Amino acid sequence: MMGVRLNEEAKGVFIISVTPFRDDGALDLDGVGQLVDFYIERGIHGITILGMMGEANKLTAAEAEAFALRVLGETRDRVPVIVGVSTPSLAAMRELTSKVMDHGAAGVMVAPTPGLRTDDQVFGYMETVAETLGSEVPLVYQDYPQSTGVALSVPTWKRMVDALPSLVMLKHEDCPALAKLTRIRQGEMAGEFRRVSILIGNGALYYPEELIRGADGAMTGFAYPEMLVEVLALMSAGKVDAALDLFDAYLPLVRYEQQPGWGLPARKEVLRRRGAIASSRARYPAPSLGTEGLAELDRLVSRVHRRLEQVAPDHARAIA
Amino acid sequence: MMGVRLNEEAKGVFIISVTPFRDDGALDLDGVGQLVDFYIERGIHGITILGMMGEANKLTAAEAEAFALRVLGETRDRVPVIVGVSTPSLAAMRELTSKVMDHGAAGVMVAPTPGLRTDDQVFGYMETVAETLGSEVPLVYQDYPQSTGVALSVPTWKRMVDALPSLVMLKHEDCPALAKLTRIRQGEMAGEFRRVSILIGNGALYYPEELIRGADGAMTGFAYPEMLVEVLALMSAGKVDAALDLFDAYLPLVRYEQQPGWGLPARKEVLRRRGAIASSRARYPAPSLGTEGLAELDRLVSRVHRRLEQVAPDHARAIA
Amino acid sequence: MMGVRLNEEAKGVFIISVTPFRDDGALDLDGVGQLVDFYIERGIHGITILGMMGEANKLTAAEAEAFALRVLGETRDRVPVIVGVSTPSLAAMRELTSKVMDHGAAGVMVAPTPGLRTDDQVFGYMETVAETLGSEVPLVYQDYPQSTGVALSVPTWKRMVDALPSLVMLKHEDCPALAKLTRIRQGEMAGEFRRVSILIGNGALYYPEELIRGADGAMTGFAYPEMLVEVLALMSAGKVDAALDLFDAYLPLVRYEQQPGWGLPARKEVLRRRGAIASSRARYPAPSLGTEGLAELDRLVSRVHRRLEQVAPDHARAIA
Amino acid sequence: MMGVRLNEEAKGVFIISVTPFRDDGALDLDGVGQLVDFYIERGIHGITILGMMGEANKLTAAEAEAFALRVLGETRDRVPVIVGVSTPSLAAMRELTSKVMDHGAAGVMVAPTPGLRTDDQVFGYMETVAETLGSEVPLVYQDYPQSTGVALSVPTWKRMVDALPSLVMLKHEDCPALAKLTRIRQGEMAGEFRRVSILIGNGALYYPEELIRGADGAMTGFAYPEMLVEVLALMSAGKVDAALDLFDAYLPLVRYEQQPGWGLPARKEVLRRRGAIASSRARYPAPSLGTEGLAELDRLVSRVHRRLEQVAPDHARAIA
């Protein structure tokens, strides 16, 4: 089976999928179809699995593979699927990559391994990754220093883009990062280096600014993928104020879901309420929201709905 | 000169003051009166200076002292002033503390020094700090692990509150921290340990949730102190929805100012536009906002005003 | 198959085994028998595999399991085998543990997962680990904050020892740690908490001091296990000066092998020269020693031999 | 007063001076003359003050200045003095630098400020430092990532050496660092960039290897400066084995003093015993050696003496 390969032209919303567990903590493979359909029905343009928000590092190797193959099977090429394969073991990275590419993945995402320090080390690592995975495997660089501790400079990015043809996408979630995004787009426009797709992360907290600065879409996991999709559509149509009205209506919840650690159970709870997954269970370590947290979600969601009725009544009806 | 000393009953908005520089980078002592008046006219209940957002670590010891004494002089006991005195040198901490307390400061704020690891080390450090500064100096603990790398557990907090009578306030800006705030309030209500004042930070990004969970106010530096003040007043009056309407109107800007690194020049630029300071200059290292950043601020502020006209027209007129 | 289970009485040298690769980077399973025999013939009392020095995080899950089972098969209960099972995924930890315990491992070693901060978090993690693995699996706590970023306090150690009966050993490689070792031994002697086995790490750089302060042996990977064994024997026999003479003779090489990053290829090269492994290959990332590094090893080994002929001629002959 | 300025030709042992305190913790300015004489009488070629081992960050700004001026006064140009001026505040760095250069310092040492990440950031910081301090102030770059978290790559070093003429020395204490030292010397010999002085740190733990790879001497603080001086002299005279015999005799103590945290009180205690300082007091936080630690020092020093009598009887007499 061979799906479409990811390339530099990629645009849109690649939703970061949660990994569904049953209430007993077991992987909920049977729930994967429902989750994939939920996302696709919300208009997303791609799915990214086994990211950090996807609790990839809490799975066994066998579970990760089983989940990935199930997602690929359920997606049936309706949208491209990117698989997070970051791990300190290049052998394990190659193994998982080979398996998912054989089953139709569009590409893989790699975050630089913690401990890299100088520009040369970052470049050297990604060069080794690209060689290890093979030139035919489209590669997404996840720039997430808040988690990895590894910073990406624009000169290193240029060097990687020049040397590694399989590198087709930047997942941009450095923070602060607005200036870097602008510098990369300027460098591309000046012909200094190849243009690649840039999708933004950070829970979409800076989504409007990043789109205006030239991002091609989002790769993040907000529980209302409709917002991510429609903000992009409105921005692309030049309707900036409408896009901002929609974004701002959701912002209190965006901000809440973006809290480190706390955001994952919050997001899973909203997805459960929306019917995307059967259980909001997250694997250890994950905080319990408690009655206060659940009340906060109630209030946030209720206010988002109320606000949407004012600024985007069609949208409000669609998500009701 | 002796001002009112801070105690456990403290409530309200203690604005984190920026430190004003001239365009050439020199400390703008002559601008201090204008800045202090700006804050006080916005209704704040206290001022905190020489915090991290106050660029304390970019000043010489002499500049820090001169700035603190000028703020104390200009404030003239209209509101209490808390002085950040964190530094690896206990001798320097004692020196600055002694000077500012002699000139009317209400208390000092200390963040645990980087490198502390175990609960015993955190407690031991604060015990040493309290002994070094003397029991008559009211102490604020700044819980900001994103910057210090030092985590505070509830058992350690209980231990400090029990052993250190001069500890009267927690600046709460751990993230995620909602659960910790609730656990501390529960412990106090159950009589497990002394109740102290809790003011929240993190750029007020989680302000409503933290107030509902029992915070006594805010100690942060948003460029519209009016929002911080009025949200607290509305919440205290039980007008939760009105408070949230006001908060949500400002949230796009709150979020923008809260970006690490990027937030400081953004905040200084808004304060400059509002007439609080003469120059938005920040000392190295500080990014330049660039034309894109300035345009983002224009759009954000303009939209905040527009939204306020809808949800809080009186407030909108007041800040116009 | 069931081997002897590790318990609190464990003493001796548990050598940290390297993981042998072929020159092409593939796991050298066929070389495992030779390596195990090499270690056992040098008099070691146990073997620890899949530690950090064992490049555990560069293996696939299948490779790690295959290597562990091969070591267990080749060891044939001649000495106990401890298996490092640290991984962020509790599910993967349980899976590997279950497999190796079924095949005769004596116990497993776990380092706290990076990101734990407070005493409660460290305890909570190890409590969860102990529950996940089951009470019948002997557990070694690896205290290695230089790598994990997680510090262990004596109160937390007491709490773990009290609550977790399966915790039978501390691998002590905090640095500085001499005072902590003494405090733990004092606490045990005062009856404050259960006495467990303490084996030391840090490449044996502080081995004599740690033995005198009460350690029960070493769990580290020096390329001359004979030194570790004989220093312990001499110390146990009260021959402190003879023990120190032997240790000091090797110290220039001990120090060299203990360099972070650089130590692994150095150790593998010495082990290759000694016939323990067929190739000194380490997996990426591992520095090349270069001609300078190889010359340094030549000089160091030659001088160790010369010195041993003076202070321990029998020992010198034995390793010749 | 104007002393000799440091330049790229610097060779020898620049001893890292401790900062002497009285038993009550006050700065012991009256003891400075004795300490400076102690060092100079041992044959050192320069003195470095206010380094990390010098407890610089535990002093007030006034204490740091007073200590530096006293050292300069007592040294009276017998040897050059380098002053550590690292601090997050460029204004404070400029102030201290200006003062000590006016009083005869030979140059200043700066470690990159924590938080720098990419090569560009490291370069940009040092460029700003060099501009801030002025081109006439000789600059030493302290490459100590174990403490600063900032890594230095060879390309960044080249870039700094090319752009910053006042940069005349590298204090080399990255770890592992042997390969980097070799690469820098190779780059210089190939004419790729300007040759500067390289002095080594890390408590001299890798001193012989670093000298053989091309270091010009040491900048570290071992309590027997005679060893540092004589090892260098022997190496320079081509007497490698004699140099190694001497180094190895001291190595057990070198290793002991090099323990993070623990090394400082150990070193101060030995210096006190040797009459260099009146009190071994270190400022908080500093562990107490306890009876065990003092006994360890007794044994180590006694064995060093015994060994020296065998391998270097003249040296043994000189230090007796």
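First chain written, first letter: the chains are A, B, C and D, and each begins at residue 1.
Convention: contacts are C-beta pairs under 8 Å (C-beta built on N, C-alpha and C of every residue); 3 or more make two chains touch, one makes a residue touch a chain.
It should be emphasised that the depicted structure is a prediction, and the values quoted were computed from it without experimental measurement.
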| item | value |
| --- | --- |
| Farthest chain (mean CA position) relative to subunit A | D |
| A-D or A-C, whichever has more C-beta pairs in contact | A-C |
| Chain centre separation in whole Å, for subunit C relative to subunit A (CA means) | 39 |
| Subunit A-subunit D separation of Cα centroids, rounded to whole Å | 48 |
| Contacts with two or more other chains, residues of subunit C listed in rising order | none |
| Subunit C - residues contacting subunit B, complex | 117-121, 145, 151-156 |
| Parts of subunit A lying in touch with subunit B, wherever the complex brings them together | 175-176, 178-179, 182, 205-206, 209, 212-213, 244, 248, 251-252, 255-256, 259-263, 287, 290, 292-293, 296, 299, 303, 307 |
| List of subunit C residues in touch with subunit A within their complex | 57-63, 88-92, 95, 125, 128, 283-285 |
